[in-house]
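Pasting the structures in now, so scroll down.
Paired with chain B in one complex and with chain C in the other, chain A is shared by the two complexes that follow.
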Partner chain A sequence: MIEIKNVSQSYGRKEAKKTLSDINLTIRENKITALVGANGAGKSTLLGVLSNITPILSGTVTLGGRDVRKIKTQDVAKKIAFLKQSQQMSIRITVGDLVEFGRFPHCRGRLGQEDKRKVDESLEYMNLPDLRSRYLDELSGGQRQRAFIAMILAQDTPYIFLDEPLNNLDIKYSVEMMKIIQNLVTERNKTIVLVLHDINFAAAYANHIVAMKNGQIVREGCVKDVIKKEVLNTVFDHDFHIAECGGKNVCLYFDQVQN
Partner chain B sequence: MKEFFKDNWKRIIIIVLFFGLCITSVMIGSLSGVTPSALISRDETAWDVLLYSRIPRTIAIILSAAGLSVAGLIMQAISRNKFMSPSTSGTTDAAAFGLLLSFIFLSSQPGIIQTIFAFVFALGSTLLFTSVINRLKIREAVYVPLLGMMYGGLISAVTIAVAYRFEVMQMMSAIGMGSFARLGNFTVVYIVAAPLFLSVIYASKFSIIGMGEDFAKNLGLHYNRVVFIGLVIVALISAATYVSVGHLPFIGLIIPNMATSFYGDNIKKSIFDLMIFGADFVLVCDIFSRLIIHPYEISVSLTISLVGGIIFMIYLWRGINGNKSRKTA
Partner chain C sequence: MEIKVGKQRNVRLIAVFAVILPLFPAACALYIYSRTYAKSLRLGLEITPAEFSSIMSRAVPGLLGMSAAAILIALVSLSFQTITQSRILTPSMIGFDSLFIATQTVLVFAFSTTGGLFESPYINYFISAGVMLACSMVMYRFILQSSGNNVIYLLMFGLVLSGVLENGSRYLQLLMSNNDYYRVQAATNVTVNNMNTSLVFLALPALLIISVLILYRHRTYNVMSLGAEQSQSLGVFYAKELNLNLIFIALGMSLATALIGSLTFLGLLAVNVAREILKTHRHFPLFIGAAVLSALALILGQSAVELLQGAIPVTAIINLVGCSYMFYLILRENRI
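Our next item is the complex of A and B:
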């Protein structure tokens, strides 16, 4: 279980404006949690803090009851996989190499039979075997995004944190990606936290939504509790219109629909 | 079989070339007596020249070339900047300064002591330079080597001033000129084998470091520790090659750039190709330097400077233009 208590964070000096102030959050096991909020709200920072990559000013992050900072980094890497918002791509490595990196916490660079099987399986899962020997810098944005997700799958951790996994994906692949994420939860008991910008994807696929604004959590709860006009209006400083469609709430946020 | 050649032709070419160049390298020289027939007929002088002069020289070329190529590659991975190398970040110049101090304080010393001096200064200077560069957060990758060369120029100006003051200028400039013809300190070059071995062991960690700090941390790597080990490897290779064969400019910069464009950035897969590629390049330069005014030879660092300088200019030009076109886009 991952729990964070009274966490504050800031990138600059201590007096600088806090990017996260006094955050308390318990990640729900075997569920999809979506982080939503405007640009600069602190979503990426929170994910970094949860995965012990971004250092914090105060508070605690516990993994299974233990302070993550006291757990060996290699062991944390076997529990938590974190995919950054944007990937570096000037590097000439192949898709296969990248996915093999995902096995590093388990095999320290020397791939065994089991590791190779996991790599093949992850490539298969993300529909990538044909691109295996292609260089990352020669792929389309969406293909590259899938390759990075395959790497995270190969890391084979119970917790998976994805920062904007739908970046660069077309509608078909976005939906497919969300289905894969759902399957990971139902079939493999993973716990997933992801940052989503399209509020409708959060509404349709998340079990739990955390809405952030100015480094604080303004509302968290199930889809019904958060996908509400008054909540979304304050979170995004924008006028929302909620429509019902097939029993699900759909958010309309284009100016013309207001009248 | 056909598959094998198709998949590995890039590797096969440089390996075949490598053996050809090694044989050529040991066969040429000012003494013309070393021929296959002389060796077969067990001519003693021919064997002596081969064993005590030609082969050590060829080994020195291979080790220093492979070493500097690997050092450059590691620096480039760590800094995520294709323009980093021992000779464009002050590392080589600091090694020279350390060597000078060992001359002044301890006069003539065995190569190993000189290497330790050179190593300590190279490491200290590299740590300083990389941490300053990280603080400055320079956006344009091309400016880093330019700054590095200015910094290196500063160190070597101090080195020259001190050497002049203590009247060891001649010795310093003799060493500074890269050459494989010197025999005195050649044994030092064997030290390079140790950091090379270490870099093979750490190869996959360096690749992961090259993907960025957060990426590496996500995979449970101790980022700072791996960076430090990388810089120790770089400093040791730079020091040992400087003390034994002198300054070989551009190798650490252009070989990793050329090799990674052929073999990719996965260091674990490409490290051997890189070493062979670097050795091939320097062997060609050395053979050329020995043949052009046969039976005399020109300094190999002259040839390398010429060829390497041109290639470096091309990369620099591309780097600057690449940035411009990205900005206007």
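Our next item is the complex of A and C:
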């Protein structure tokens, strides 16, 4: 279980520049939690804090009841996998090499039989075996994102945190990616937290939504509780129109649509 | 398919090492030849065994010193490139060797009355390496963290820092007594021709320790090339690795600079040529390849200079080639 209590974080030492202030959050197990909010609301910072990548100024982050700062980085990496937003690579590697990196927390780079099996299995699950020896820079955006998810899967952690996994993906690949993420929860019992830019993807696929504004959580709850006109209007400082379509709420935010 | 590709890659590595490893003793032999028989042929004089061994007693420490410095430069340059996620930056480009010269100057200036302390090259080295370590830990840690690996920012910082340190050193040197000035010159104006050979026997064990420590961590470097955040999430304690690498870099650069002086572009050249011909992201072959290429470049270059009767210093040749190569890299990659 991951729980954060009274967490504050800031860039620079000034109070005024707080990117997170006094956040309390418990991550729901075996659910998809989406972090939504305007640019600069602190979503990515919160995700970084949850993954033990961004250091915190005050408060505590606990993993299974223990303070993460007291757990070895390597052991945290066996529980939490984090995928950053843009995968700009300074090196040229193949899909296979990338997925093997996922085993690093378990074998420190010396792959044994078990590690190789996990790598093969992850590639299989993400439908990538044919692309195994291809270089990442030869792949399409969707394929590359799948390769990174395969790496995360090989890491074999109960928690998976994704920072804008739909960034740079077109509609088809975005939907495909969200279906994969849903399957990870139902088939593999993963707990997933992700930052989503498009509120409608959160409305359609998330189980739990955390809406943030100015470094604080404005509202959290199930989709029906958060995807509401008055909530979204405050979160995004914008006039929303909520439509219903097939039992799901859809947000319209174009000024041509009148209420 | 996968096995085939893996094999092809290994074949490439074996082929490259089969070519460059034997070149190393060949380069050493050429260097010795250039200092002994080539010279005697040119002057038309017989070389006696006594003369030969007397030349060897200078040439062998020279070879060891050049190899040690070249290998250190290559190893720390590659580790630095991995932690900064850049193919173009090297420690000397962001001012590590200017820092060494400034340290020497300040030490002599501040302790001129207790000059005896610095007569011993070992004590001198340890003090200046310690000072460099402290400075680099404070500065580069701060800079690397606040810049978020912004290469342009780091280059600008290096440029300004080098300028400040070099001119500051020059200013202090003007204020010094003549004796102190010569002492600084003796410590900083070392080149391949005028090597600080007394340091060679300190350099060898240090080289051994640093290379073992760096090579031992080659798998961690592989992961770190994914970037700070991603490697942290894969279980690398990034802040610790960064500090450790800054220690390696400060020790390695101070030793290399104390041995053969400033060689700005050797690291860039060796590391990138190694990447180019080995075509791998794995650090183990890269470290070894870069180290061998670096030593080869320095020794072959120095042999050529001896054979051509020292028309131009080898450092000038290496900097010229390295500098042109940097232009090529910037133009080809279209970014820094």
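In this section, the second predicted complex is superposed on the first by the 254 of 259 C-alpha atoms of A that agree within 3 Å, B and C clash if a C-alpha of one lies under 4 Å from a C-alpha of the other, contacts with A are read in each partner's own complex, and residues count from 1 in each chain.
In this section, a contact is a pair of C-beta atoms (placed from the backbone, for glycine too) under 8 Å apart; a residue touches a chain by one contact, two chains touch by 3 or more.
From a predicted model like this one, the values you see are computed outputs, not experimental measurements.
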item: Superposition on chain A - do chain B and chain C clash or fit; value: clash
item: Contacts of A:N233 with chain B and chain C, given as first, second, both or neither; value: neither
item: Which of chain B and chain C A:S51 touches, first, second, both or neither; value: both
item: First, second, both or neither for A:Y135, with chain B first and chain C second; value: first
item: First, second, both or neither for A:K78, with chain B first and chain C second; value: both
item: Which superposed partner A:N6 touches (first chain B, second chain C, both, neither); value: neither
item: First, second, both or neither for A:R92, with chain B first and chain C second; value: both
item: Partner chain(s) touched by A:N189 [first = chain B, second = chain C, both, neither]; value: neither
item: Stretch of chain C, among 24-32, 42-50 or 168-176, that runs into chain B once the two complexes are superposed; value: 24-32
item: Interface residues of chain A shared between complexes with chain B and chain C; value: 48, 51-53, 72-78, 80-84, 90-94, 97, 101-102, 104-105, 109, 155
item: Contact footprint of chain A on chain C as seen in their complex; value: 1-2, 5, 85-87, 219-220, 222-223, 225-227, 229-230, 232-237, 281
item: Sites on chain B touched by chain A in the complex; value: 80, 203-205, 207-208, 210-212, 214-215, 217-222, 260-261, 264-266, 268-269
item: Of all residues in chain A, those that touch chain B in their complex; value: 48, 51-53, 72-78, 80-84, 88, 90-94, 97, 101-102, 104-105, 109, 135, 155
item: Touching residues on chain A, where the partner in the complex is chain C; value: 48, 51-53, 72-78, 80-84, 89-94, 96-97, 101-102, 104-105, 108-110, 132-133, 155
